[in-house]
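Next, two complexes with chain A in common: one pairs it with chain B, the other with chain C.
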Partner chain A sequence: MSEFAPSTPAPASSLRRLPKSPSLGATGFLVVFLAPSLVLFTTLVILPMIQAGWYSFFDWNGYGVPENFVGLRNFQQLFGSSVFLTALRNNGLIIAVSVVLQIPLALWLATLVSRRFAGAVFFRAVFFLPFVLADVAAGIIWSFIYDGNYGLVASLGHALGFDPPFLLADKQWAIYAVLVVIVWKYFGFHMMLFIAGLQGISPDYHEAAEIDGASRRQRFLHITLPLLKPTIALSVFFSVLGALQTFDVIMPLTQGGPANSTQSMVSFLYLFGISRMKIGFGSAVGVVLFLMCATFAFAYKKMVLKDE
Partner chain B sequence: MSSASAAPAPERAVSLVYRLYSYAALLLVGGIVFFPLLAASMGGFKSLGELRTNPFGLPQAWEWQNYWQILSGSDYWRMLANSLAIGLITVFTTLVLGSMTAFALAHARFFGRDMLLNYFLLGLMFPAATAIIPLFLRIRDLGLLDSYFGVALPQVAFGLPMSILLFRKFFRDIPKEIYEAATMDGAGYARAFFVITLPLSRPILATVAIISFVGSWNSYLLPLIMFNDGSKFPWPLGIMNFVSDHSADWQKILAFLTLTILPTVIAFAIAQKHIVSGLTAGAVKG
Partner chain C sequence: MRFRIAIAAAAMTFASMLGASAQTTVRMLTPEKNPKINAFWESVIQEYQTAHPDVSIEQQYMSGDAMMAKLPTMLSSSAAPDIFFSWGGGVMRSLSQTGAIKDLTADFDADGGAWRKSYSPAAVDAFSFDGKVWAVPYKLSMINFYYNKDLFEKAGVDGDAIRSWDDFLAAIAKLKAAGITPIAVGAKDKWPVHFYWAYLALREGGSQSFIDAKAKRGDGFKSDSFVKAGELLQKLGEAAPFQRGFEAAGWGETLTDFADGRAAMVLGFSDTPENLPDSATDKKGIGQEKIGMFAFPSVPGGKGDPAETFGGNNAWLVYKDAKPEAVDFLRYATSPANQARYAALNADIPVVASAASEITNPLLKSAAESVGKSPFHQNFLDQDLGPDVGWGVVNQMVVELVTGEISPADAAQQIQDAWDLQ
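So, the complex of A and B:
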């Protein structure tokens, strides 16, 4: 403990760079330590959120002050827009795929690589690598893979003798092509959560069950799965919040096209609100997104994550 | 569990069949995951003609000039430098503000402390996209469009809740006795922070630094909205520009792409353990 005492020479020298003790009282300390964060957070997070709510009632191009009050017209337009409804459906689809396909895939792989064996660390790294890469990079790589002239689909077409389709230019299939990229990019993150969860389960349980003659499958269903419930709950939470924000990966792949079939709420916000400087309309999208995120986060924390 | 160190029980139990199945599954999935990355970096070594006939194999003739052209030009280096500058500003500001705020919230007793903490934690409930339009107007009115700070400051502001949460948890776990030497009046708090807490906090500083740097390095939406001047573009904007300038020249795009993800892949190879635990810490501990 003595090594932390302020009387030792090394810490004392670093003290001299601090404001002199008498000038920094309790109030001074609080101001210096709290005010900068408070100002930054309020001006760039909280106020913009409140302003988005305010602007959403106006028709405004962003210059001067908002004057043309239109009530709920922006919201009416929004929910009357078939493009926005497509975007909502796509966000729903991303949530569904994340929860129903991606999480089981991640859990399955986690059970395979959480044991210690030659290559475990290597495989974990390979599976996590896509998560570390930028969405934009992932999108560009996959738009090459999907390219009907050069990519994987083209090669398959040539090999099997059919005309290679352009998946990303196909109104019906493009969104599924985007979903594949999202799963490829994000399953590694969930796998890591599950590995941490699995390693928190004492091997004693498995040993005891094995002695009693439980099969691998029985042990998974009756030991692993129940004990992983908190991790699964957490994983679902991040999947849903992440899915609601999908944007980066869509831009290099399709930019919301073809014929707006792959829009998400945020790409809609960008292309129909920001790009056209329709501040009120775009803010209305932001408000809807905020309400969804906040309602979900609040309800989920109250109902599902309450134990932690 | 003294026997565990000699021969871990779960290892013994693994049958040969299960082992074969698990290697086969891992190789298959690993191949699917790695294949696009490999195809992209190999593609950068090919000519456009070869890309058409042989998109995924090894190049027949290695075309180093695709890569060399990019490395000898200035665009690539400028993009990376821009991204690095934005990332460093973001990390430094996040560490300073996040740790100081979390320290005050963890150790000082004052009126409204819990309210203040909850106020910051509100930020965890919604993504930056929801407030992006007023944020753009604010940055414009502050005259910070086309500047590093115009992107870095919003990133810091939106990263603060998570970093305060992580710092605060770490600071609270430091044993109280360590602080007893320093008197906990106002001046004592500040001194305790710099002399006692910070030197003990390297693991959490590293974790928060990794989270905010990776976030900043890969960030696309904020710079897309805040930057208009191409010479300031960080690499995600730069590469999107490059793609639209070279729409059919996949060999150039793939070479450019490979070079832009190379720093990430190298950093990941060197510091894999820290990056993985850093990026999952927010989820697990938050």
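So, the complex of A and C:
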């Protein structure tokens, strides 16, 4: 490469405009600037990942060094565990609800509050508020709301004249109660993404379409939606990865109960791996979770986000 | 100018070196939240530091669950505490087997066993195995039924007369007939339910069935004692004696229900009555004089001695590389005189039998006397059997038993299967 030779014509890219240094070539810059982050990334991300993979072949309680090699037993136990299958199903449910309910809700609200009207900023802030709240705080607040004696649900029940249910105590309904909290907690984030996306759409298109007599519905379907596609794709990406990692909301609400009906993969990892001091088993869950997240992330990037 | 800065820097370095060599810092990790107990520890630390100006004791707080999860990492790092709280049982056993904690036998037996003799033998036994002492005993707790005298009177139940499981079931029926919630329990936390199962098994088969099961002799946790305990627990669940929504209630909500007078009974710790005002919505609650207590009833045909007790035993563990001052400080902190001071707080049961006379709360005193006379004190199973089998499997099974999700035989099988893998 001769970009840095003085004889080259006027450089086009910003990299080429770098002053020629006698000691640092392009590789030199890469080494100097990349090394610190590479070292950090390796010690804080790559190494623990390899470690977890290594631990997943051992029966180990975390004290001392892992010695009891058990091969694939942890993985066998994992896939034979009905609780893990429930957790998988719940994660699937969270993904479905996020994509089918939460994102359309966020999009709808975004189209409402991105218009200029008195109070738009106020509504944006209100809808965004749940997302600002710490997950654990949101969980605790909702556990009060769901309380069958004193919660909002209880008052509602009394007002409407029926015996208030204890939603979180019912293994049929608890997961739906958790889903409501998850949608409530995160729709604001997606709404903000959509507002940003909507503001990037030039009003000229809408104006032109309006002049041509397009209805509001037509404008939404043929202008807003196609132009918002990149944002929606990103939103789905965050939704799925977030759903796979659901944990903080579940712990204060149900701790995975009753009868393990509200476990997610991460709460399963924590309660069946770390709390029980089965670090090897927990690592096996971590490996499976990582593979799922990584497969999804790469596949989605290749197939859906490829244009961006 | 530059010279002066250099002198100042040198002086500061020298001073900090001096400081470092003169001070030994002993770090102590505790999950204690009770302000009374923390005030006690602060004054003990002050006294020790005054007597030993070169030692500084630093207390660090961490919640029990967080401590259990973080200890493995802490103990393999430079952040390892010198002294840390323990519930005994399986975790302590793993810690000793991996050499993470100090063997205290030599310290206990020095001077003709002076230190050892300062505790009741049962307390030292609880933290000894393989013939070695692994911990400094600190306090005991006992699980008993506490009841609301007013609600019992309203339903026509005599709490003092409850001796057998049938008496207990009859009391539940009477309370229900009077429209009173008989028992508050927290099944979200799971462990409050394991008190029932463990006590039922203890009353069924006595200490021997626990000793055999833990030693993997005979049928272990599949033996009749444990299966029958499961059957009785399941029947209790079928009688629906618990508050509505107990499946989603934690221990804190349970205490509030009892403290506010919404439930007639709670199977609680020996320090539960003393802590009740804190749990009450109005910070007063039903009042100490309104709380009665009875021991866990005997079961029909049970072989267990009703004098046997179930509860916790807590101790301090010493890190393998701890400074020698750590052991010396614990010797001072748990001396008979300090145990008497601790007992006077009415916080829990001291590990020196004579100190129990300092307790003034009648319910706590009576529990302390029961433990003092007890021929066998079973530690909480979620501690004793370790976090995997005890906390993980037993606690899960007992909740499924009480809610009718699993048969008593299957639950016993799952517990034994998990224990076999240990």
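The rule is simple: the second predicted complex is superposed on the first by the 268 of 308 C-alpha atoms of A that agree within 3 Å, B and C clash if a C-alpha of one lies under 4 Å from a C-alpha of the other, contacts with A are read in each partner's own complex, and residues count from 1 in each chain.
Here is the rule we go by: a contact is a pair of C-beta atoms (placed from the backbone, for glycine too) under 8 Å apart; a residue touches a chain by one contact, two chains touch by 3 or more.
As the structure is a computational prediction, the values presented were derived from the model and not from experiment.
**Student:** Tell me which partner A:257 touches in the superposition: chain B (first), chain C (second), both or neither.
**Tutor:** It touches chain C, and chain B stays clear.
**Student:** Output check: A:142 vs chain B and chain C. Expected answer is one of first, second, both, neither. What do you get?
**Tutor:** In the superposed model, A:142 contacts chain B only, not chain C.
**Student:** Looking at the overlay, does A:47 come into contact with chain B only (first), chain C only (second), both, or neither?
**Tutor:** Only chain B; A:47 stays clear of chain C.
**Student:** Which touches a greater number of chain A residues, chain B or chain C?
**Tutor:** B
**Student:** Just to be sure I read the superposition right, which of the two partners does A:221 touch: chain B = first, chain C = second, or both, or neither?
**Tutor:** Neither partner.
**Student:** Quick check for you: in the superposed arrangement, does A:156 touch first (chain B), second (chain C), both or neither?
**Tutor:** Neither partner.
**Student:** Is A:62 touching anything from chain B or chain C once the two structures are fitted on A? First, second, both or neither.
**Tutor:** So A:62 meets both chain B and chain C here.
**Student:** Quick check on the superposed pair: does A:274 touch chain B, chain C, both, or neither? Answer first, second, both or neither.
**Tutor:** After superposition on chain A, A:274 lies in contact with both partners, chain B and chain C.
**Student:** Can you list the residues of chain A that meet both chain B and chain C?
**Tutor:** 62, 147, 149, 274, 279
**Student:** Okay, in this complex, where on chain B does chain A touch?
**Tutor:** 1, 4, 8-11, 13-14, 18-19, 22-23, 25-26, 29-30, 33-34, 36-37, 39-40, 43, 51-52, 55-56, 97-98, 100-101, 103-104, 108, 110, 116, 119-120, 122-127, 129-138, 153-154, 156-158, 160-161, 164, 177-178, 181-182, 185-187, 189-191, 193-196, 199, 214, 217-218, 220-221, 224-225, 236, 239-240, 243, 250, 253-254, 257, 260-261, 264-265, 268-269, 272, 275-276, 279-280, 283-284
**Student:** For the complex, which residues does chain A have touching chain B?
**Tutor:** Chain A residues touching chain B: 1, 4-6, 11, 14-15, 18-19, 21-22, 24-30, 32-34, 36-38, 40-41, 43-49, 51-52, 55, 62, 109, 112-113, 115-117, 119, 121, 123-137, 140-142, 144-145, 147, 149-152, 154-155, 184, 188-189, 192-193, 196, 203-204, 206-207, 210, 216, 234, 238, 241, 244-245, 247-248, 251-252, 266, 269-270, 273-274, 279, 282-283, 286-287, 289-290, 293-294, 297-298.
**Student:** Could you please specify the touching residues of chain A with respect to chain C in the complex?
**Tutor:** These residues of chain A touch chain C: 61-64, 143, 146-149, 166, 168-171, 174, 254-255, 257-260, 271-272, 274-279.
**Student:** Which residues of chain C touch chain A in their complex?
**Tutor:** Those residues of chain C that touch chain A are 65, 68-69, 72-73, 75, 91, 94-95, 97-100, 187-190, 244-249, 386-388, 391-392, 396, 399-400, 403, 405.
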